[in-house]
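In this document, chain identifiers A, B, C and D correspond to the written order of the chains, with residue numbering beginning at 1 in each.
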Amino acid sequence: MAKVKIKLRQEHIDIIKSICKKFDYKPGELINVLHQVQGEIGYLPAEVQELIAEELKIPVSKVFGVVSFYSFFTMQPKGKHPISVCMGTACYVRGAESILDEFQRVLKIGVGETTPDGKFSLTSLRCIGACGLAPVAMIGDKVYGRLCPDDVKKIIAEYND
Amino acid sequence: MGETNMDMIKITIDNKVVEVAKGTTILKAAKDNNINIPTLCYFELAGMDIVNKPGSCRICVVEVEGRRNLAPACITECTPDMVIKTNTTRVLNARRTVLELLLSDHPSDCLVCPKSGDCELQNLAIRFGIREINYVGEQSTYKQDDSPSIHRDMNKCIMCRRCEMMCNEFQTVGALSAINRGFTAVVSPAFEEDLTLTSCTFCGQCVAVCPVGALSEINHTGKVLRALNDPTKTVVVQTAPAVRVAIGEEFGMAPGTIATGQMATALRKLGFDYVFDTDWSADLTIMEEGTELLNRLKKFLAGDKDVKIPLMTSCCPAWVNFFEHNFPDMLDIPSTAKSPQQMFGAMAKSYFAEKKNIKREDMVVVSVMPCLAKKYECSRDEFKVNGNPDVDYSITTRELASLIKLANIDFAALPESKFDDPLGESTGAGVIFGTTGGVIEAAVRTAYEIHTGKKCPKIDFEELRGLEGIRSATIDFDGLPINIGIAHGLKNARKLLEEIREGKSKFHAIEIMACPGGCIDGGGQPRHHGNSEIIKARWNAIYEADKNLPIRKSHENPSIIQLYKEYLGEPCGEKSHHLLHTHYFNKHNVFEVDLNKK
Amino acid sequence: MDKIKSLADLKKKRDAIQGSLNLRENGDNSESMIQIKVAMATCGIAAGAKQVMETLIEQCSSKKIDAVVTQTGCMGYCYAEPTVEITKPGQDPIVFGHVSVEKAKELVEKYILNNEMVEGIIPQNYQSIDK
Amino acid sequence: MANYKYHILICGGTGCRASKSGEIVQNFKNILKQENLDNEIQVITTGCFGFCEKGPIVKILPDNTFYTQVKPEDCEEIVKEHFIKGRKVTRLLYTDPEKKEHVSDSKHMNFYKKQMRIALRNCGFINPENIDEYIARDGYAALAKVLEQNDPQATIDIIKKSGLRGRGGGGFPTGLKWEIASKNPADQKYIICNADEGDPGAFMDRSILEGDPHSIIEAMTIGGFCIGATKGLVYIRAEYPLAIQRLQIAIEQAREYGLLGKDLLGSGFDFDLELRYGAGAFVCGEETALIHSMEGQRGEPTFKPPFPAQEGYLKKPSNVNNVETFANIPVIINKGWEWFSSIGTEKSKGTKVFALAGQINNVGLIEVPMGITLREVIFEIGGGIKNGKKFKAVQTGGPSGGCLTEEFLDTPIDYDNLIAAGSMMGSGGMIVMDETSCMPAVARFYLDFTCEESCGKCSPCRVGNKRLCELLDKITSGKGTMEDLENIKNLSQVIKDTALCGLGQTSPNPVLSTISHFWDEYVAHVVDKKCPAGQCKALKQYIIDPEKCKGCTACARNCPVGAIKGTVKNPHEINQELCIKCGTCQAKCKFGAISVQ
């Protein structure tokens, strides 16, 4: 109804514009654009989606429709140490649920949330293909395998200095 | 054996062998054989380029021999020798279960729902004789969203996606999209924010097609009733051209019934002090817009580079919103003339109020419109004087019908009566504003005579009429060929605007209406539930009403002539410029550099 | 890098590279191939086992013999170094002692290709580390 | 050029890399350099060997020594012992669990004995980042053959006669699919590789892309030639960074060699590949959803027809095959359809890759001929159930499949037998469950997955699966009724009958199969309010046996919620109100005093 003012940091504007340009502003490249922008900025807040919509000349509702459809995209900034607990079947039958529960309990956050200090965020994901090590969790790029709930506190302590 | 028609195939449906054309859906084949398969998400407005068949609600499933699972009838095409059963136990159980599932995630507040009695989901529940819902569980909860025109209660959404289709495909507005996935999937603006923060034009077509109570109009009947019962207020009503050809449907009259006379009587019975007609201000619009067109054209033909051609009509408030959002670089293309609703309001609260010596704040102007965007339009700041709006409340055809029902008025049995003078006198040119091509035809009838100084050889410009999305015609203004473009549906408007932006437009004047068929299928009209015959009947009725009127050209309207003589002076003169013209705003999002964040 | 422009190009390319992968292909099929083990402990290397092994690899490859040449630890015949153990598919292993470069060529030529017995067989029982 | 006498193959698959195989590669290289052996011994990173349970794997050729669970610090010992002294490092060899003997050659391991590697032929054998090694293994020879023959229909006929069926789940005949796409004329067509592996517990596609990316490029080019597509698109999971990287390298190398691009091998045929990234939506494995996703839209399936072969990517005829299907193509062309169709059962030819996981000794990726029995897979290749527990069920086909019981152990595995048994092949996940797995809970796990992954388009899947999941929740938390069980049955049947796409239509399979094979277990949850497997938290209680408890306080100290009270040397007690049933106390008790009821 009314003109909406959208504020963005200059560097983010530059990143988004150059990525959209790289994909020749094609609406069909939306998912590729979102991947790259999230790769650069870390997440896809509303303002970022607005600018992508503007650049690709598609409705922002469609951009959000896509962002909210795919679990890979996030509108929340991830923690400094993003934790992903594998909930693939192999990990599930070897007790992944209790690992995830323990992470939630120790960090006092739910799945998809970030600790208030921004240090840890917790997500579950589907099979990273390390089924031989089940149950598995990843912190950043580091994989922790053959976990039991007891290990959770120790692992978090590694990052809590 | 005679010649077999290659395009016909034989199928068996419910044990009956029938021939259908290749490519026929099971749903259509069944319907043609008097088998009414229930549907829900399926929606089609034949001949209007509007179709929604995602095949997603699964209410219309049927059994097809040799097929592992059930087939959705709305989208499955018949194949040769197909054996279809539409009412086996398996089918009926599946349909009932699916319906129960939909009901299990739907509030059971039918009694107080704006859609009660006119709800496709409710109708199905009645038809299936649902007495209990075997599946219960978590229900979706979304925030309620009120904008000046539209109320969204997505807890009632059944994900038929008709609104999304209208908003994106027919209107190319893109305010709505499916968001999230799985159980949390719903149709919503981006970030689940309010419609007011989006590029929504309030055309109301989402409301027009919504099968349930998820989308409805903002209801002003209470406010109107209060005004009618306030002895200090003089309440003036205006009714738009498309209302008279549709309101009868709400009272069981055949589609296409012209109920102008009953409507005027009903309005009086409701207690309106003056019953006027928006057709009158439509005539006034023609005077202003027609003159503006001729002025611009003259300058353009004289080689004036500063003047913009084509001129585009500006009566449709959804269309105005559309170009303000999407074409902010072209705000000088549309006519500056206010819409008939706003011209009426401006005249009622100046000319007429002065005449009757009513103080502005003591007068309440109510408009009855086929439209939801009119609700937003009358709330715009530029149409207010010291905070007092020119039009106080805009209600829809449906809302007027509910007021009439509320007041125990037997509409169909009412005697006919006329509008009050002077703001009730109108011409056939005013009536045809109600459908696509009508505004420009009315303009042509007047502009021709003003430009040439001669009587126009004809009144009916058939070449401007029709229901195709984009139409064009060249009208000979006694040697001067005027190219006219007409579009309804904002996707078609977008095409014409883009042509103009690229400098490829050949038109001198373009008429745009946002809704399919124009105002006759506005978002505030009685629901047609996908029956385009109803729209065609209204369309015919508009032209019939035009023919029935003694005067059919706006500049011949005695009240208008008098208005200029008494009050305004001349069209596009100083006073009319002040009262009857407006300006447009850039509503496109702006991106700013945030200097505060690190 | 040169483009491969035809089927002939591709074949040429494949033949050129294939040798480098033979080692792996053969390892995968070791059971059906002749296995040659060269004792390469300190004593063996001192006696010239390295050159012997290279000769054997080269000979097998130039004569297109499907053989796996590997090194192994001291077999315990330090008096007879360099020693080479040859196992033909389905046969018992035979150990040859005092294998020089010349002797290695002879082993390939006579024992492996023509099944002729060659002097220098060490008749005693032995144990390879596999067992 | 160095004349290598030994090759050290180190698994560079995601699983082994997670256990530091990258570090192992680096250590080997450093040590070999120190020892001046870097010209004699070549270190090669390969794709997955499949035996993930025992990773990281280091294989030494030509003597075919298979070292398992190697740590970076073991490298020095391997170099000094194996290469310098010629002695195998026995402690790193695989130990046969039954005979308790070391096995040095992988061919003698039960895990590999019954396998037959066609799709995985190059995985764990070649360096996936070196096109030459692929060419040396007859790589691109099939493409050359096809292009030289210049008769697309002839090639399609070979694929048809081979009997190859889609390995992504549906099992549609690949040759027929190509034929349909080839017969739809269009100015542009597309061949698409579905590499958006979404089944939670299957990773064969990733392994192939990581271990043998050129086979996919070659097969897609052949497919493109056959259907008349000059453009190929690989839709790959963004969560597979290594596979993406290897594929990108492979595409670059193929372009440099002129095996992608214009006028391939002088045939006049142009073909090139592009990557598209999935973004975490299981439903995008469905081909119409995949296509919408590639077009930058929500991955919602649409009704077929039109099939992608008629109207696919950008409304052009498109053909979608999955990674494993493509991996079979070059071999079929090189070795002939007769050879391929001689493997397998009557209607299912060739081999199938399974991701063997769960409560089984040898977790890993295996490729077996169709027709092998579940028993052979689970007890011979898989080495039987972990910790000597009893086999209860095996789940095949991921969220679309079902659970099979002991009675199916001797059924030959193929597409049709699995469907007849109430499950399906799916993409090849195979999860083995022992007696501690609760079947209603397993069904709930899969339904939970389907609910989360449902696109939300059609009502049976959007609302129906949600309700199904809620009903199963009721059962597993002991609040279910017999009427609920009836509702579960009806709802499952209706969802199967009415859902729009394959995801929805198959989503009730885990429920239907467990209900039919484990009805008693469902009833136990409802009537007795007991979970026979002892898995459902709400239905179990941890109890300390005061007779056995020595009062060591280990349980109380380790209880995360302080639910255990007791004093030293006196029997402890668990406060059931506070207990979160995490099982820590039981694990910590050295006296076996804590039991589940």
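By definition in this document, a residue touches a chain if its C-beta (ideal position, glycine included) is under 8 Å from a C-beta of that chain, and two chains touch if they have at least 3 such contacts.
Model, not experiment: these values are computed from the prediction.
Trainee: Looking at CA centres, what chain is most distant from chain C?
Mentor: Taking each chain's C-alpha mean as its centre, the farthest from chain C is B.
Trainee: Comparing chain centres built from Cα atoms against the global Cα centre, which chain wins on proximity?
Mentor: Most central by this criterion: A.
Trainee: How many angstrom lie between the CA centroids of chain A and chain B, rounded to a whole number?
Mentor: 43
Trainee: Between chain A and chain C, what's the gap in Å when you average each chain's C-alpha atoms?
Mentor: 55
Trainee: Between chain B and chain D, what is the gap in Å from one C-alpha centre to the other?
Mentor: About 54 Å, centre to centre.
Trainee: So, what's the distance in Å between the C-alpha centres of chain D and chain A?
Mentor: Once rounded, the distance between the two centres reads 24 Å.
Trainee: Among the residues of chain B, pick out those that touch two or more other chains and give their numbers.
Mentor: 178, 180-181
Trainee: Mind pulling the chain D residues that touch 2 or more other chains?
Mentor: If we look for residues of chain D contacting two or more partner chains, we find 281, 298, 452, 455.
Trainee: Can you list every residue of chain A that touches 2 or more other chains, as numbers and ranges?
Mentor: 62, 65, 69
Trainee: Judged by the touch rule stated earlier, which pairs of chains are there in contact?
Mentor: A-B, A-D, B-D, C-D
Trainee: How about chain B: which of its residues touch chain A in the complex?
Mentor: It is residues 147-148, 168, 173-181, 188-191, 195-200, 321, 376, 585-594, 597 of chain B that touch chain A.
Trainee: Please name which positions on chain D make contact with chain C in the complex.
Mentor: Of all residues in chain D, those touching chain C are 3-7, 9, 61-64, 83, 85-88, 104-105, 107, 125-126, 132-133, 135-141, 144-145, 147-148, 256-259, 265-266.
Trainee: For chain D, which residues count as touching chain A in their complex?
Mentor: Those in contact with chain A are residues 13-15, 18-19, 51-55, 198-203, 206-207, 238-240, 276-282, 293-299, 314, 355, 357-359, 363-364, 395, 398, 429, 431, 433, 437, 442, 445-446, 449, 452, 455, 558, 560, 580, 582-584, 587.
Trainee: Using the touch definition up top, name the residues of chain A that touch chain D in the complex.
Mentor: Checking each residue of chain A against chain D gives 26-32, 34-35, 62, 65-66, 69-73, 87-90, 92-94, 98, 101-102, 105, 125-134, 136, 143, 145, 148-150.
Trainee: Which bits of chain C are touching chain D when the two form their complex?
Mentor: 1-7, 9-10, 13-14, 17-18, 20-21, 23-24, 26-28, 30-31, 39-41, 53-54, 57, 68-74, 129-130
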